[in-house]
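Could you have a look at this structure, given as structure tokens, before my questions?
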Amino acid sequence: MSLIKPTRRGLLKGGAYAGAALATPTFFTSQANAYTNAPSGGKVTLGFNVPQTGPYADEGGDELRAYQLAVEHLNGGGDGGMMNTFSSKALKGNGILGNKVEFVTGDTQTKSDAARASAKSMIEKDGAVMITGGSSSGVAIAVQGLCQEAGVIFMAGLTHSNDTTGKDKKANGFRHFFNGYMSAAALAPVLAKMYGTDRKAYHLTADYTWGWTQQESIAAATEAKGWETVKNVLTPLATTDFSSYVAPVLNSGADILVLNHYGGNMINSLTAAVQFGLRDKQVNGKNFEIVVPLYSRLMAKGAGENVKGIFGSTNWHWSLQDEGSKAFVKSFGTKYGFPPSQAAHTVYCQTLLYADACERAGTHNPCGVGEALEGFKFSGLGNGDVEYRADDHQCFKDVLVVKGKENPTSEFDVLEVVEVTPREQVEYAPDHPMFAGGELGKCNAG
Amino acid sequence: MSILEVQNVNKSFGGLKALQNVNLKVEEGTIHAIIGPNGAGKSTLLNCFVGKLIPDTGSVMFNGQSLLGKKPYEINQMGVSRVFQTPEIFGDLSVFENVMIPCFAKRDGAFRMHAIERVEREVDIREAAEQMLIDVDMIDKKHMIASSLSRGDKRRLEMAMCLSQNPQLLLLDEPTAGMARADTNNTIELLARIQDRRHITMAIIEHDMHVVFSLAQKISVLAQGTVIVEDLPENIKGHPKVKEAYLGEAAE
Amino acid sequence: MDQIILQMLNGLDKGSAYALIALGLTLIFGTLGVVNFAHGALFMIGSFCAVTLQKLLNLSVVTIDPTKTDFLGNPAKIKTPYVEAWFGPEMGAAIIDWSVPLAILFAIPVMLFIGWAMERGLIKHFYKRPHADQILVTFGLAIVLQEVIKQFYGANPIPTPAPDMFKGSFDFGQMIGFEANKIIYPYWRIVYFMFSMVIVAGVFSFLRFTTFGMVVRAGMADRETVGLLGINIDKRFTIMFGVAAAVAGLAGVMYTPINSPNYHMGMDFLVLSFVVVVVGGMGSLPGAVLAGFLLGILESFASMNEIKSILPGIDQIIIYLVAIIILLTRPRGLMGKKGVMED
Amino acid sequence: MLGLNKKDTKFLLIVICLTLATPFLMQPFAEGTALAQFNGGYPDLMQRVAIFGIFAIGFNILFGLTGYLSFGHAAFLGVGSYSAVWMFKLLSMNIIPGIILAMIMSGLFALLIGYISLRRSGIYFSILTLAFAQMSYNLAYSVLTPITNGETGLQVRPTDVRLLDGANAPDYPNLFGWTMSTSYKWELGAHQFTFNVGFYVCAVIAIAAFYLSLRIFRSPFGLMLRAVKSNQQRMSYTGLNPKPYTLAAFVISGMYAGLAGGLLASMDPLAGAERMQWTVGGEVVVMTILGGAGTLLGPVLGAGAIKYLENIFSKINESVLHSWFSFLPDGLEDAVVWLFARFTGDGWHLTLGLLFMAVVIFLPGGLMEGGARIRAKFGRRGDIDETGAATKTPAE
């Protein structure tokens, strides 16, 4: 065995962890590397796993731009962006822990299988010590599970399902993005204020896990404000023409339509709802209204002027005027010529937060990094004062309630911020029933 | 003893009566020709024998068993093989494989899951198939792809395939159609030889009277869906009804 | 009752989209015997004809307005479309407003050309090849076409609204004696239905009443014989390919206000259109249209709450379920011909 | 040997050698060089190539031999994966019960779908299988979530029952204690080779699968299947019932798909509904045709080519390109990088589409024909040429 020597790299939590006799030769312990893909040679590799083909390719492209910007800033290039406004000053612009930051990219295709394959190749082939990105909850949960097994950190990208930090939470996974519950908690008071407390809501819900959790959250939050949920109709993911789901709404006695859809589904269902003239109607003596709980500016653009005046929530928006947001928009806008999306903002923050945690922990070891992130309080990255809660690795921060802008001044000016809901209002107990059933487990360093 | 007995068979397509009260007996060990003008219903009748069509009324008995409602492969397994007007062979396979398949069918029945055995080791089958190819003078073309054969060779191959099953009754649908005179004579000779050697009962549909009168021991004349005469070849030649049927057609 | 009428309308509307796509696909199957997996891509390209025209019409003169600023704090650029500069603001705005209907005029020559080029450049060489090869090559072409579109227009859906006058909806129920708000239907969907009827009628009368069409139909039935008559059937088939592409393209153009086009939409419609064609029966044009409407209507009914409460998830599978039942009870679909694509 | 003739034995031995040497073959470039980007010798990709190779070998038994084109084989892949993961959850993390159940369940499912779909032929058959697979996918994604865990996919959890596993049993899929993810690395100068337990499990099973398919190709049963493709009418007038033959081929290929699905889950214990989508079923069709339908080795090559492209080309982003072409003058560098970026990274689909078209146009028999042509050009007709059935002559 002088020539063949096993190394930790590429070892996905092998027999060593399990203590199985066959795969636990003693020479494992003599390894210099204490965790998966420990950086060597003054370089550290991050894996950016985003959708590059399929319906979310543009969102993935925007994420990739933000990642490149973050890497540039971490390595000391550019204007430093939000590194200058970030409350933690551990980052020095010399990479991470003195290691130059390099990255590899992959295509999730918005499919769990492809996303895991791509993440695995980053871990096994390229030696990535952290995986980040994604544009849907299914993918995020799948990759998060993989990273837990492989012993690397996963910094989730765009994932809004309660499950990511609920029943599928993992010790190695961290989510900066907000979730269905937080959307609902932020949105419900505004809706009650705008549309009154005596409303009857009709839900159209995308028939898969994310849709269900969001619908559950919205229904619960609005019902607490006095609304009544008349009906919840599940729509197949593959639906392109929502007419047959929208048509019965008017006759149901409901005066609000909630569209628990995202991406292409959202554009098509909203377009159909507006075409059917729902918003011009009076029901129960009130104006009929439509609500889209989760907005994405990139996607909302696809619905054109149908979004005008429609309420929803979003994680972040480029028009925010705090110092962090302004620095990020400037830095991103100067480099690419247009303002960043919320997906870009999230993944930029995630990259910075990871780098900062490494610096503070003094290691890339996932367990050390995880410890540094758990309970970490920070500000200066937009969204006010933020905390990465230790119990479930969910970020708690202010949530934006937005509305489709009536008179946009440019093609990026689709949404306007109606209210910045403070963090306290969207917080929940870690054992909230909507998030129950999962266990964080122990951090895994490979 | 008659091997095939057809009684009062009727078959119509929509309003068209293709077969009317057809009665026919094929004696064992003979060559029986079915002749008649175009559109007389010869092919329809043949299709009723092999399970491609089911008669509206009447019975078709083979060796005392009814063929009605049986699937083509069941009828074949009972001992009836058919040569088609345009050769039906396995075009993608080699000549040798074409002949081996009926040998397998004969030995193993309609279905057998012999997925692990090797074709190479099936010595009996290979020998039988090779002998058959020698019999029909095609052994030199053993490895050719069937679809690349000449038309005459294709027909000869099809005949070999049917014969290799050693059927009790061989149905031939215009076996010499489109052949040159020399080929036709070869075919006649081949069929005669087979009949001589193996005593296979044959029913032949044929236009070429040369073939018919060279081979047939009995002839049925079909016209307008019904058998007008069934007799020995020498009696058919000058039969007035036959003349009428054919002349009537010519007059049109 | 009002619900049933409403879903009937929805079904007709969905059905007209299915019928148009299937019609074009059947023209290619029936005439050329080619399994065209790029047909969904043709539909997608049609949609992008509308997008392209909209972009062209929105080509703008850029002037700097120092009084306003953009998101970075630089002076804002004000864009004035050329058409507004040329025809005056009102006329120009009206032209832009009508870009989707205008795109029909734009799409017809484009789609005819694409169809012609596809047939001459690629499909022609695949008539004698196995269906599997045709599938692979057209599938490859579909991917290439959609990737090219993605390079130009990105992956996100692009809004292409209907003209203002068709934007709202009208109360169909009141017209036939129901209460107000019982049966509301958008204008544009009525337009879409009418439009598809016109196209279907146009294709059928073209095939039935013109000599050209008669030759093509004869060629569909028996290509060799028509070829023996000394008629150049190949040339006509090429034209039919162009027509099929144009039908798919027009279906795409008019669909844009209903479904904001994205580069991926062709694949979404691909499977569906094959199911429709096969349910209708290979090689049968009326079958394709009939199946399109049948599946559209059944799909709409399956999504009714009353039905979903009895059979949860039925709307997920209804199309496939119907396809299976029809194919098992009618071996060649609703109106299929014997021997077409059965081997 | 092994019931094969000399040629086939030699062929099989070559295949075995190639398979076992995959960690070297797919890792030809030294680490740290620009070409290292093209190395594919890491566990996940090697496993995938082997697994999709099995999937394609099985599909080829149906499509290559009988000519029946199924678009629904993804359903069996999915059923296999779900069954395997359920075994991991309920019985044991040992992959044996999982794989066995995967094959049984997919076989039963194939029997049901095949029995119904085979009542039709040609495109009608294809659409029936497609409809079944799409129904399975749609239901697995939504209504059947309690069984399939829907969008997220079925995963193993620490809280699972796992009746047969003791307290010390590994938490990850293993073969009697050998976890699939264990890898050994061998550094040879600048080269790095990875030997992964999971890959070798897949490889051994793939060789067995290949061997079985070789036997089927050479058996009377295989001959009958080719007869089905060639002329069903003649077949039934020859006293053979085509239906059970075709159904048997369908079930066998369904079980191959189930085996592949079970292995996928064994390498990575998560079963997503996307595995049942028609695009996956289409992918195996494409792999088979691309490699060469009806040839023995072609489908495996096709599977390798597509998986390699998917995993390697999609990772070549613009910064990688810039690092390659940095020796060029700035303006030219940007232009070259721009051009290449159309075909790699987020443009990898374009390369895929162009590859399909190029192969079908220029190599009608798939990649195997390309190989045969190259050999012909060098004036040598190797043994594999005939035994591999690469040429149009049927291997008897």
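To keep things simple, chains are lettered A, B, C and D as they appear, and every chain counts its residues starting from 1.
Just so we're on the same page, contacts are C-beta pairs under 8 Å (C-beta built on N, C-alpha and C of every residue); 3 or more make two chains touch, one makes a residue touch a chain.
Given the structure is predicted, the values throughout are model-derived calculations rather than measurements.
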How short can a chain-to-chain path be from chain A to chain B, counted in steps between touching chains?
2
Which one of the chains is closest to the middle, using the mean of its C-alpha atoms?
D
Comparison of A-D and A-C (more C-beta pairs in contact)
A-D
Euclidean distance of C-alpha centroids - chain A vs chain C, Å
35
Between chain A and chain D, centroid-to-centroid distance (C-alpha), Å
33
Rounded to the nearest whole Å, what is the centre-to-centre distance of chain B and chain C, using the mean of the C-alpha atoms as each centre?
52
Euclidean distance of C-alpha centroids - chain B vs chain D, Å
46
Would you please write down the residue numbers of chain A that are in contact with two or more other chains?
53, 57, 61, 207, 234, 236, 238
Listing for chain D: what residues touch at least two other chains?
138, 142-143, 349
Multi-chain contacts in chain C: which residues touch at least two other chains?
312-313, 316
Which chains touch? The pairs are A-C, A-D, B-D, C-D
Contacting residues of chain D [partner chain C, same complex]
63, 67, 69, 116, 119-124, 127-128, 130-132, 134-135, 138-139, 142-143, 278-279, 282, 285-286, 289-290, 293, 342, 347, 349-350, 352-357, 359-361, 364
Quick check on the complex: what are the chain D residues that touch chain A?
39, 42-45, 48, 138, 141-143, 145, 149-153, 155, 158-159, 168-172, 174, 176-179, 181-188, 194-197, 264, 268, 270, 272, 274-275, 310-311, 314-315, 317, 319, 345-346, 348-349
Please output the residues of chain C touching chain D within their complex, sorted ascending.
35, 122, 125, 129, 131-133, 135-137, 139-144, 146-148, 151, 267, 271, 274-275, 278, 282, 312-313, 316-317, 319-321, 323-324, 327-328, 331-333, 341-343
Help me check something: in the complex, which residues belonging to chain B touch chain D?
50, 71-73, 76-77, 81-82, 84, 88-94, 96-97, 100-102, 104-106, 108-120, 122, 143, 145, 161, 165
In the complex, the residues of chain A that touch chain D are 3-7, 9-15, 17-23, 52-53, 57, 60-61, 64, 68, 103-107, 111-114, 116-118, 120-121, 124-126, 136-138, 141-142, 145-146, 149, 163, 168, 207-210, 234, 236-238, 439, 441
